[in-house]
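Once you've had a glance at the structure underneath, I'll fire off some questions.
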Amino acid sequence: MAGFKLKVYNRTREKLEPLLKLGAQAVNFPAETAEPGSMVITMLSDDAALRDVTLGSHGLCDSFGSGSLHLSMSTISPDTSRDLAQRHRQAGGDYIAATVSGRPDAAATGKLGIYVSGASEAKKRVADILRTLGRNVADCGEDPGAANVVKLAANFMLFSAVEAFAEALTFAEKQNLDRNAVMKALCDNLFDDVVYRNYGKLLAEQHYDDPQFKLKLAFKDLKLAIQCSESADAPMRLAESLHNRMLSLIATGRGDCDFSVIGRGAAEEAGLIHANN
Amino acid sequence: MAGFKLKVYNRTREKLEPLLKLGAQAVNFPAETAEPGSMVITMLSDDAALRDVTLGSHGLCDSFGSGSLHLSMSTISPDTSRDLAQRHRQAGGDYIAATVSGRPDAAATGKLGIYVSGASEAKKRVADILRTLGRNVADCGEDPGAANVVKLAANFMLFSAVEAFAEALTFAEKQNLDRNAVMKALCDNLFDDVVYRNYGKLLAEQHYDDPQFKLKLAFKDLKLAIQCSESADAPMRLAESLHNRMLSLIATGRGDCDFSVIGRGAAEEAGLIHANN
Amino acid sequence: MAGFKLKVYNRTREKLEPLLKLGAQAVNFPAETAEPGSMVITMLSDDAALRDVTLGSHGLCDSFGSGSLHLSMSTISPDTSRDLAQRHRQAGGDYIAATVSGRPDAAATGKLGIYVSGASEAKKRVADILRTLGRNVADCGEDPGAANVVKLAANFMLFSAVEAFAEALTFAEKQNLDRNAVMKALCDNLFDDVVYRNYGKLLAEQHYDDPQFKLKLAFKDLKLAIQCSESADAPMRLAESLHNRMLSLIATGRGDCDFSVIGRGAAEEAGLIHANN
Amino acid sequence: MAGFKLKVYNRTREKLEPLLKLGAQAVNFPAETAEPGSMVITMLSDDAALRDVTLGSHGLCDSFGSGSLHLSMSTISPDTSRDLAQRHRQAGGDYIAATVSGRPDAAATGKLGIYVSGASEAKKRVADILRTLGRNVADCGEDPGAANVVKLAANFMLFSAVEAFAEALTFAEKQNLDRNAVMKALCDNLFDDVVYRNYGKLLAEQHYDDPQFKLKLAFKDLKLAIQCSESADAPMRLAESLHNRMLSLIATGRGDCDFSVIGRGAAEEAGLIHANN
């Protein structure tokens, strides 16, 4: 626990066991995790869950006060961050959004990429914590929603890169080339980064059964990006194309695969694999 | 000239001047550049031009013989490479396709990425030359068309990455974030490669007036990829989306800009820039 | 009032004036329009407004009872209809969804196309009313949400037809043909129905300033169709393409035009019209 | 033969048998069908075939002279029509493009829709013939390529309408509605024309095995439209979306079905039908 006193809350208490064994104290309501001057970290599945935990009955806001800091790590809409930041400020507290890029194994080894935004003084308070989680912390500015915007953009670019790579490998295979050789050539010559290396391997091997990032959750993030693009009047045509790809794969039963199953969608469409094998 | 005897041909003789000053000898027909045992390098604008120079009157095939090697570096369809390779073989010669990724400044400093394919023995003959041109030579196998397939795939992925990055930065700017900060955060945390770094900078600065790779030439390559996808029954939905983007920009007068003007297209569509400014 | 006793409610009382002059009685709450055995007609802007009027404080459900009938004519999601139908049934009442196709002048002359769904007995009760409104009443079955599904499908097909016609006329004009002649030829030979005739005329003349169906409202309906397609796992790729078209036009200031301004979007994209003229 | 003297040519002589039985005279070369003052009708599969028959060895142009008229009924690019018209004019002849909309049974009963373009005097000469073929003859103007432009536009709109209807019926079926009832409601209320009636029936019944217009031929026409849109700088985003749909269906073995098999593509994508059943 690195010397911190830790109070933990989860709707499903069993999920807290690992932390309790390390000395954390379970509490019965979100509000009990907070007190003036303390820091609370939330990581929830969507805007509604975060709003409930924060603004609902026995929520964080009940016990927030001067010097409280809410470090919000969920993938949510920027407008929710902006709204919660304002409410916390009214109580004398702070709100920092910190979002992450990286598959679970990156988290375990402190190699996440982190996007952080919010008031400067408050960002200093969380700097140490974020440094232990991530290999790089990118400061996205004072707007509390900025880290959420960048996270949605990052996921959108990730999905686009995987779709493009999937189509390229399908194209190459239909021309009778070897998927692995093509993948390696493209990474060595042009796309030499962790995204293309990691997903290129999955796509070349058509290996989609280790769902580190499930398609149905990726689709949730894509829909959130599209909603934000609607409210900001920012058309994203690739996002709309990905919407079709992902929804088709979900409709045909692949929602629980890793989202890189996009590669299987591209292959089926080209007649390389039959849809119900 | 690195000790080689060099005969050079171009339809526009003036373009040869720099090489003639270095000691090269200008000839009047493509056929005069070749003789049994020699190696000929071609780099032409499209399939028709390469076919003309190779198979036309006074073309390379007139003087090809045992031990001749045609090193073909154009961005052309794989089927043309396969066809020419077969014809050269019949005359006792060889054909190697070697295509490149990289902007002009990469060529000048020997930092191109190279894709090479064809018969193994012939590839050994060109290995030294390719190594002086490129930082990495990716062997794509024995199929003479393979290097062309991979080049088309590479360009397609390049265009897709730029489109996705352009949409992401537009999305961020419409949410009042700073394009440069977002670009840097995404490269630092996730897309840390030369493509995203170089084009991210152009997109963040909206700087499209240095046409190292003109949009109209990029569109030519995209159309070639789509044609190959048609003949191979390999649907590429992002290619079709890019077709619309590029053709729209050409129709509104941006064909001579760098192809990264895609970023301007995304910004105009979101109302960030007026189309005729 | 055709012999009916009419109680009317609107959040903005002034809007009721024309009806009050005809003898209708204004009430203060939605609940006051209903009583056991009576029929209530609602036409509201979205799901939330209908839910509020029906289920909210002093809402319809407060006074619904045996023999009450709710005739719901809003463009809403089918799931809302299904939910309200169930609640009304529990109180002994009925819920019928009746949605319409047609521009305002069609409504004034009783020429709307109507889609109706719900329990058979209840449909008989509303048959006369619907016949006075529409030239055709299409029975979509017992599922109370069916008329909403068909309305969303109808609008989606309408938008698609206008987009396709707009692209076709742009294509023809860029080939130096006359938009009006082409429009007429296509309607005479193939698309001889009221949709293509009416919108073809607007598109040929590039006349988008009489907003009988505003783009921003059309976009709202499109988004509702996409949401329902998500919940039903039914990918609609043209809907996604239309999403991009409409959002781009809204982002560049055309949200208050008639939705057929899609034709202007297609023309601008082809360089026929400058975006900020 | 309606009193005309008829000379007929086909590369495959057997195909002429029905006409020979009616008294037509088979000839050995295209050139033998023409003479000064006569009229020649061509209907060929593509631009290359028409060019070959017209400009090739023993082609029509060999025997064209003053008063000759070439009535060209193929689905080809407008530029080929414009080119041939000019060549015929130089020889004192005329060229009229007349293209048709309608399935084969419409042709048999004289119910085709016809688009005609070219010089006014020459159009008068073909007026009677066209009236016997079609229920309506739409004059598209003097540009000899105009009838080809409109035909490509008509096919594009036809494919778009079928795609939209297919998606709408899939959407409805996934919401548990009956495809036939929805199809009928949409045609009765809004899309009451022959295209939606005919194809709506095929789509509602998922009946794609009577290939009156094969998918692979429809795809050929779509590609021709896209090529013309490229040369005219006229982006057509729905055409690009249809390109993906059709190529996917061809890649998975449906090229010989009727093109309305698009409806099957939409249903598979939504998980309603398994791809290899």
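Note that the chains take the letters A, B, C and D in the order they are written out, and that residue 1 is the start of every chain.
Assume a residue touches a chain if its C-beta (ideal position, glycine included) is under 8 Å from a C-beta of that chain, and two chains touch if they have at least 3 such contacts.
Just so it is clear, the structure is predicted and the values come from calculations on it, not from any experiment.
Visitor: Which one of C-D, A-C or B-D makes the same contacts as A-B, at least in over half of the residue pairs?
Guide: Answer for A-B: the repeating interface is C-D.
Visitor: Chain C to chain D: how many Å between their CA centres?
Guide: Chain centroid spacing, chain C to chain D, equals 36 Å.
Visitor: Quick one: report the Å distance separating chain A from chain D, using the average Cα coordinate of each chain.
Guide: 50
Visitor: Hunt down the residues of chain A that sit against at least two other chains at once, touch-wise.
Guide: Touching at least two other chains: 229, 233-237, 241, 244, 248, 251, 269-271.
Visitor: Tell me the shape of the graph of touching chains, choosing from line, ring, star, complete and other.
Guide: Contact pattern: complete, every chain touching every other.
Visitor: Enumerate the contact residues on chain B facing chain C in the complex.
Guide: Per the touch definition, chain B meets chain C at residues 248, 251-253, 268-271, 274-276.
Visitor: State the interface residues of chain A toward chain C in the complex, per the touch definition above.
Guide: Of all residues in chain A, those touching chain C are 223, 229-230, 233-237, 240-241, 243-244, 247-248, 250-251.
Visitor: Which residues of chain B touch chain A in the complex?
Guide: For chain B paired with chain A, touching residues are 78, 101, 113-115, 136, 138-141, 143, 145-146, 149-150, 152-154, 156-158, 160-161, 163-165, 167-172, 174-178, 181-182, 184-186, 188-196, 225, 228-229, 232-239, 241, 244-245, 266, 269-271.
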